[in-house]
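Common to both upcoming complexes is chain A, partnered first by chain B, then by chain C.
Moving on to the complex of A and B:
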């Protein structure tokens, strides 16, 4: 369905409101600042619980998610009150552990369901989803924290990976990790961190293309970004997980609706299974052949391609996810499996059974709801906007008032209110008024298994439960003609399929031209991320970048450019707010907070 | 027509006629039952073919049996059969000609075949190329990785 919007309104909404000027930049900056602070807040909470062990009551993942969301809203209260129509949480805080790629933000009342339907994960300490199901972390876990804030639709998102270490308690005054993280997870952390820094520097070069190292071309294009990221991933024996993207974001179009609405003029690089397939065939004579010739979609500009040039005054979301490939010597495809709550509780160790905690409203759907509870709930949801939400965000007691120190009581009240919301939500989602944001798990399937498979139906099978896909990328393997349904089946049927740990870093950056930047020079403003907030954990990877390669040489040149204050490229980071405890009972350490 | 009880009503004629009618009826029933037909296994059996007395008589070469029969073939019907045969001959010639023309235009038929072939071979070509790539990389064992040097270390001995 295409929404009818007049040309004038389109001009205002898509063009004029996205012109980077002082007021817009300030909204972005505040949103960035709050997300940075919220990340610091949750990281400090996790450190206090698992490393410093200063919290008397360890909080579970669902509580951590809710507290962070609550923290964000409390912080937002102080900014742009009554000045903008909408401001709030852009992504409910997700805390994904190891193999879970995205979407893990269980509700308070879901904890029991999760433990009941994943008993197999609880019995074995080394089961892949053990920490995810118990809700408590353990040493060696790679934890990805994702959150986002928007003010008037100007969105900043952040995702950072931290490691839970065994603590070296020889010196009680100064606790420190027992040692660096080694192995595959360390490779992925190194690759993702380096790729993130490189892409940020590359985007900064788009402001002054003349400074771009010669081996990277004349302009910053989509294919440059893809090449750089792929090279770094390959050097560290990692694979880029499908769903990674480096894309332009606009007001209210921050990638939260991908797959639900087809966004016109999509500008960005995305990584999918089909790119992996194309890469494999890149140097063969059949690279241009494909079994499926997709019919030209109605809105061609909604289909993401690498054929674009990054330009000034744009805002980019750099969302990179990588997985180590040290599990097997074979070549394989990294794919995502969507977790659901209805696939049989089969006691498989490699299967997670859960329902998604967050939903997103699909405004293209209309339906007259029968239950009064549903209508009441939908009224609340519609007020909430186009961003994903959790049911507990709609509760009366949210944001949680933590000044009275009765956290448990507050949580119980929210839990009670959730029961009523669940009833309403089932009617709303059964009629497609809201879509669940998927929980995804990274899986690795050997190519051999895919090539040997028999696929008589071609891509005719249709997967109604498939996770959201971008237009033009509905078929995961177009050259082999394998549909998402078939791929799902292949992933399940192979004995060699393994789950991959995933590392994720996600930053939002603004390419400010000289007219809006602070010092009058074009500069890249890093809304989220950066060394102050998202410092990498202590890891050691046995791999390194091969300096002999010309592209890698270009990457090193870029890094030296960012260090050159005078002739280089300038990158500025948004700093988290100084004081992050809001009089909470749960305070956070402020030692790491000097600016 | 004289009444049933009249003196001079013709008795013999009607009786004979009735008798002949009944006999004819019986005969035709036996005929329909196939009592006079050759067995289905015999060569002369016409089982399953269209039943036509006129055509049978027309194509019958020698007159079988000298006995009386009520199967006749009028001159008019014979003429019609002859004419139809002529038309059938002409139709056959036409279809032969068309078949010949179609066979000569082998461009069309080849095109139809080709489309099918390429559809199959496209997938097989891709699969073959993929197998080649997989075999190559599996024998090379990840060459481009350089793990000879110091490796990469990030962060340090603190909790960020």
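Moving on to the complex of A and C:
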């Protein structure tokens, strides 16, 4: 069936509904509040289990994910009831540990499969995906919690990294971490935190470009953002992981569909392998590289470029992922490997075998399904909305009733219902009506291994299982003409390839002009993140920013501007709600474990 | 051993006799009757029929030899139909007249009395040899013909009293078998033995009238009450009704209902219509209903009996060419559009705002241009990749040491 939306409707949906008004801002604010609260909730749960050890029954990752989703929905119940058509979870809660970059939200019934097909990870305590497979965290893990809420398509997403510390039990009255986190992970956490704060301040400067420090240019453009982030990453001996992005989001277009739809008027900075490649090639002495140019896509506005200026009244998603590069002194390329469930159960130490827990519907595809179960399921999926979903979100007993204390029973009923959904889902995804959101793992490949490899076919090899790519960025290394399949093969063939731990921070910010802001002055509204909710963990990094560099000087100027109440730039944070759940109040003060 | 003929219900001594019987016309005739699910006739009856046929065919062939068989048949049929129609009309008028008289009588007497059966005894209709009259018929005008037929019919009239079964075909001696004490018992008998069911008894006001009407139809008109089969005499029509199981009052089409509607009173079912006065169904109305009945069909599923309401407030009934709007609010579509009414169309997919936004923002186009050259290059690339992999595998397999233990070649 041909789907088309008329020009007037397109104007309304893409332009008019995205104009910042009081009502729109309010929806954003509530969505932000709920996501902040949900993050507090899940952080609190993790703290209770691993730091305070107050929970008698430790919850596994899959249960934590589901409980947080359930919490979001119960919270959302009170807001905009019968006022908006669509509201709900924008991203199913992901809990990614260390090397897993994104997408780890296993279903309840998948836990067994994962342990069965990753025996090597289970038995070895120091295997890279040990905690991921067991479902329980251990001290030293870097845990990335990602979640999102949308109300009427106005989306707020948040991602925060926390560290599991060994607990110093000398003082029982006030538990404290045994010490700060050191090493590569600490560098990455520091770099990501600083980069996040800087980019937020930079975006705030777009409201008053005259206040922008001179070393950062006249106005905030895509290349300014890239330069700032790259500089900070370099200073901390880190690399920006492909898939990081600072992008404008619109109603219902919050980046959840990247790679599935080729979004019109994409505005944002993205980091991919091709950007790394360009940087590596610029410094290389090798001259005889055959540069292969790829065909340009049809709609130019769908191709992300740095050639844009941040303007007022826009909403931005700042999603930064960084990895430490202390593993090797050599040059290398950070790449993402998509985890799948069918590449053999070889029980390798460096390989994770799992299937994705969340799916996203591709509305451009139509197919008449044969099974009654799948038709029923598709009906549910279509009703659920345009955001990624987990099958357990469609269950009858979801959201879980946490009042009666029968958590295990509720989980078992959901698990039972999942069996039926799996049957329908296989037909749906076989016909491309839904796409799995990929689980990705960060890997580092030595650059010389890529350069030395022969590539007779160029970028013509086609990878059917390639992760979702943005238009214009289908070929990961366009200059060398290396396709994603070739890159995958290169990653596997090198003995020096290592898995990288990844730190992720993701915030949603609104650039409010003076007509909508609270105090009449233009200000940046930080929907998610901020020091109250996402306090950085206690770390010590041996690196620091080089003040001599002009760009770094600009960064310091920016930070001082945010501190200046009178003449600086104003940033307002959305605070989480006070009460997490009935009878269980959380202190809003700083968490000992968190810092 | 007996030789039999199942068709004619006969037994023979020898097979010769049986064979000769099988070849005769009587047997053939009975075979045809059997196919038509009619009982066999005796030889005497058959011979009589043959005699009649011969006479009539002689006359016919003498009269119009020029006409083809087909035309003849058509003419015969038309004549028969015409006759039937006239008879029915006459029967109707008679009935109405009788009813009016009855009403008058009742009014004059002041009380309604159950009418006694007429003192005319049951008589077997006389056998009239029509051979002589056939020639005259052709010369008469239609009016005269009608009169003549009427006279003939009245002469042949057999009045069946209300306490005598309408269908039982007993001769004079066994007559008492089909005669009952009163009408109710008779109706009971007819219901039990012949399945004569009177529809909508709740609204039936003139039961006797209905029975009388039926008896007149059979006795005077010699017409089957179901299929309007025109019998030659009472016996014939009774035989027809019994053998065809046509012993019921048809109550399916509007026409059937209208025919006996004067014995019914449905005013109690009209909630919004409070006028117990007589519903006059004009001949024109009946005709209209009759014509339309076959052509219009209900679009919405409504329970039966809705048709009766058609006549109530006439002013709201109109047709807009495509549909007939009934005063009850039901729209009746034309049969020619039936296939469209029967279609179950898939509802158009309605996009929610979110889906609409995604579709509006999407710039993917699924029609990819098929470039032969690139496809060829791509295929070649795949092939060589596979080939290279196989070769590499083979080479690496060559140098794998598969010996579990060291074996000295010199010691073998």
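The working rule: the second predicted complex is superposed on the first by the 569 of 595 C-alpha atoms of A that agree within 3 Å, B and C clash if a C-alpha of one lies under 4 Å from a C-alpha of the other, contacts with A are read in each partner's own complex, and residues count from 1 in each chain.
Here, a residue touches a chain if its C-beta (ideal position, glycine included) is under 8 Å from a C-beta of that chain, and two chains touch if they have at least 3 such contacts.
Small disclaimer: the values here were computed from a predicted structure and weren't measured.
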{"item": "Chain B versus chain C as contact partner of A:214, first or second or both or neither", "value": "neither"}
{"item": "Partner chain in contact with A:536 - chain B first, chain C second, else both or neither", "value": "first"}
{"item": "First (chain B), second (chain C), both or neither touched by A:10", "value": "second"}
{"item": "First (chain B), second (chain C), both or neither touched by A:193", "value": "first"}
{"item": "First (chain B), second (chain C), both or neither touched by A:330", "value": "first"}
{"item": "Touching partner for A:559 - first (chain B), second (chain C), both, neither", "value": "neither"}
{"item": "Residues on chain B engaged by chain A in the complex (per definition of touch)", "value": "122-123, 125-127, 129-134, 137-138, 141-142, 144-147, 149-160"}
{"item": "Residue numbers on chain C that touch chain A, as the complex places them", "value": "349, 351-366, 374, 377-378, 381-382, 384-385"}
{"item": "Sites on chain A touched by chain C in the complex", "value": "1, 3-5, 9-10, 13-14, 17, 85-86, 152-153, 250-253, 257, 261-265, 298-299, 301-302, 363-364, 382, 385-387, 456-458, 460-462, 471"}
{"item": "Chain A residues touching chain B - in the complex, by the definition given at the top", "value": "43, 47, 51-52, 162, 165, 175-177, 180, 189-190, 193-194, 234-237, 280-281, 283-286, 289-291, 329-331, 447-448, 451, 479-481, 535-546, 592"}
